[in-house]
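Next up, some structures in structure tokens.
Both complexes shown next keep subunit A, but they swap its partner, so subunit B is in the first and subunit C is in the second.
So, the complex of A and B:
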């Protein structure tokens, strides 16, 4: 089932949580709402679920208006950050809850419920723990119970609010891969909220980057990572270095580098910032031409697949982060305090001042 | 277990702390109570049975325990309601209402009794409207129920309130998302979570009501066989220098209360079985 969100607004007092948000979640996809806290992503998720009502705008499920539908009638599965399990019920009864509260006419027979619950527990790999109470489970197990419980009613949409937020790093990694595999198996339209860009990039088919109640960009993980639409998205998805300069008549001058930027028209003397990823900083031991920036190595972290260097520009004293492959790092054999020449590549120029998160 | 915890416990010394606990409980609870039971053995078995099963005494048990159970039940119901309102809603004067709940704790019981008797008497504020409708409260068993409800109110409210405050609203939202209607959310999710605290409050309110003397005697009318509570009967016996008879009835009360409280504790333990 596809979800259409059209011009949704929401205010809490004077705080504008959502400002004219429109987006489409295609049927069967796993979509991540990514943004910093306060960006409105959880509010949007709760509005989709019907736990919150929008001040304006419409929600459509498969083309049908669902804006005024009660939570109970929306057939959504919701997974909470802190699990929200019923602690007085066993794992089995937690999962069976949604089936047990159905009106008598629609309720499956006892045996059918039992079979369904056990099947779901097998799916989340918790068959052996059916008789335990939530307090006897680990965080990762609890979240899997919550997921099985949400899936028991065969929801048309699965909504997950920071589902891995309360778990430790290792379990989180495991569980998000598992969620990806699960989604590939059951293909239910899913939306999950996260502030962890790595999580969104790894798990989602499509990412919606949100900031201050607005959608900044929508696209596949590659699209938003390789082609950020705004400085905010650039900043939010991974580390970045800033180079300041000016735009004159469709040409940006960032330090001694000139870049054609036809998008900015013929305006003169527009302040500009160029964004460069750490792995797009080239390092050389000797100057090759006038574009190179002279710097000093301040810190080296050589362990791992890439070597991370902290460099200081000699002219402006600004710090620059760089990442080198292991081979290149060995080849250069750099030491702290040595002078080097750097050259940024793949600069992405935005007009205006700095953008801070 | 004691051995295991010796090194790691914050308060060192399982021995001394347990010893002090037992000493304290003995001094405050066990010694006086065993003195009571021992005193009652002044009577022979026949005399004992005779003293505690006289018609007037049996009637007083019925009045005391019956009214106490009903009062505790009423408090369990309305106490949850009051706690719910105090936790879930914001309204002007909420803090005042919150403070009001504790008043029955602080008020001398005699004051409560006199006040209730005045208000419910045939020309009192409430009594004058109730009496023409055939509802007599003051100087009847109903009055006992009213007085016991009054003094037991804070218990349920104060035990349920913190549990209700800690309850995450997410749990209710989860139930609604799964298709539960309001009643199902309450009966299947909220109530089972609140039950242990309701039972605790019920047990405390009941225990307090059984032992209540001061407020009840002013409103009860104290008619033998009808509205005479057991504690009053004990006082009466004492005034007649029948110490053994008084302690015999007292030890029956003690035993009955203990059994009832123990039963409630078992129930409570059962309702919390998920939390171990």
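So, the complex of A and C:
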């Protein structure tokens, strides 16, 4: 089932949680709503579920207007951030809840419910824990029970609010891969909320980046990461370095580097900021031309697949983060305090001042 | 000598000791708490039972089986049997509304619920006399229709309901607020109706809190003196509850009988304490 969100607005008092949000979730896809806290992503998820009602705008499920449909009738599965398992029920009864509360006409027979619950517990690998209570489970296990419980009613849409937020790093990594595999198996249209860009990039088919109640960008992980549409998206997806300059007649001058920017052809003397990823900072021991920026190595973190360096520009005293491959790092054999020349590549220029998250 | 190993040991021992008070202080605190408890709880309790049994078991049984005493016991049980279930319903509904919904006048409602705690029970009783008494606002009308409230059982029940109103609600509101709305929302998304959510999720989650509230409410309903005393009229064998009966016996210098009946209330207190401890323990376990 596809989800269409059209011009949705939501205010809490004077706080605008959502401002004219429109987006489409294609049927069968796994979509991430990514943004910092307060960006409106959870509010949007709750509006899709029907737990909040929008002040304006429409929600369509498979083309049909679901805006005024009650939560109960929306046939969505919702996995809460803190799981919200029923503490007085066993794992089995938690998963069976959605089936047990169906009106008698629609309710499956006891045996059928039992079979369905056990099948779901097998799917989330928790069959042996059917008789336990939620308080006897680990965080990751609770999360899987919550998922099985949501899937028991065969929802048309699965909505997950920060599904891995409350778990420790290792379990989180395992569980998100597991969720990806599970989605590949059952193919239910799914939307999950996260503030963790790595999580969104790894798991989702499509990412919706949100900020201050607006959608900043939508696209596949590659599109969003490689072609950020705004300084915010650039900042939010990974580390960046900022270089300041000006745009004159379609040409940006960032330090001594000139870049063609045809989009800004008309204006003169526009302040501009260029964004550069740390792995796009080249480091040399000697000056090659006037474009190089003289810097000093301030800190080296050499463990791991890439070496992370903190450099300080000699002219502006600004700090620059750089990442080198192991080979390049060994070749250069840098030490803290040494002078080097750096050269940013793949600069992405935006007009305007600084953008801070 | 300054061995590094020894220095380490000393410093850890010091850190451990730094967390608690010296033994002397600890013993003094524990001993004074126990002495206080003995003086104000165990000694009176023992006194009640020893006084009650002063003239032997036969006199004890006789004091309780005496018709006026039996009537008082019956009235007390009937009053509690009406007041406690009603306050259970009021308390659960009020707590549910306050903890799970947002509405105007919520803090005013909380203040109202607390009112019986802040008003002296005697005043509570007097308010009923002013309302329903012969000289009261509704008195003439009630008399015309031959309805007796003051100096009769309905007045006792009303006063008891008023005085014991906050117990269940006060116990449940913080518990329900702490539990939040997540589980209710989860139930709704799974297709449960409002009633199903209430009976399958909200209520089971607070069951020990309810037992706790009910047992306290019951203890107060059976033991209430002030408010009931004002509205009852102390008609022996008719509108006397157990506490009022104890007072009458005591004022008649019938100490053994007074303490015998009082020992029933003391037993109620002990049972209440025991059930309350179990409920508290269960609540902590499930929190």
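Here is the rule we go by: the second predicted complex is superposed on the first by the 357 of 357 C-alpha atoms of A that agree within 3 Å, B and C clash if a C-alpha of one lies under 4 Å from a C-alpha of the other, contacts with A are read in each partner's own complex, and residues count from 1 in each chain.
Methods note: a contact is a pair of C-beta atoms (placed from the backbone, for glycine too) under 8 Å apart; a residue touches a chain by one contact, two chains touch by 3 or more.
The structure presented is a predicted model; accordingly, all values stated were derived computationally and were not measured.
K.L.:
Putting subunit B and subunit C on the same copy of subunit A, do they fit or clash?
P.N.:
clash
K.L.:
Going by the contact rule set out at the top, does A:283 touch subunit B (first), subunit C (second), both, or neither?
P.N.:
In the superposed model, A:283 contacts neither subunit B nor subunit C.
K.L.:
A:149 in the overlay: touching subunit B, subunit C, both, or neither? Say first, second, both or neither.
P.N.:
Touch partners of A:149: subunit B and subunit C.
K.L.:
Counting only touches as set out at the top, which of subunit B and subunit C does A:72 meet: first, second, both, neither?
P.N.:
In the superposition, A:72 contacts both subunit B and subunit C.
K.L.:
Does the superposition put A:207 against subunit B (first), subunit C (second), both, or neither?
P.N.:
Touch partners of A:207: none, neither subunit B nor subunit C.
K.L.:
Let me test your reading of the model: by the given contact rule, A:157 touches which partner, first (subunit B), second (subunit C), both or neither?
P.N.:
Neither partner.
K.L.:
Take the contacts of subunit A with subunit B and those with subunit C, and give the residues found in both.
P.N.:
Shared contact residues on subunit A: 49, 51, 71-72, 76-78, 80, 82, 84-88, 97-98, 101-102, 135, 149-150, 152-153.
K.L.:
Going by the contact rule at the top, pick out the subunit A residues touching subunit C in the complex.
P.N.:
Residues in contact with subunit C: 49-51, 71-72, 76-78, 80, 82, 84-88, 97-98, 101-102, 135, 149-150, 152-153.
K.L.:
Under the stated contact criterion, what part of subunit A meets subunit B in this complex?
P.N.:
Residues of subunit A touching subunit B: 49, 51, 71-72, 76-78, 80, 82, 84-90, 97-98, 100-102, 133-135, 146, 149-150, 152-153.
K.L.:
Quick check: in the complex, which residue numbers of subunit B touch subunit A?
P.N.:
Touch residues, subunit B against subunit A: 168, 170-171, 173-181, 184, 188-189, 192-193, 274-276.
K.L.:
Touching residues of subunit C toward subunit A in the complex: what are they?
P.N.:
Touch residues, subunit C against subunit A: 182-183, 185-193, 196, 200-201, 204-205, 207, 286.
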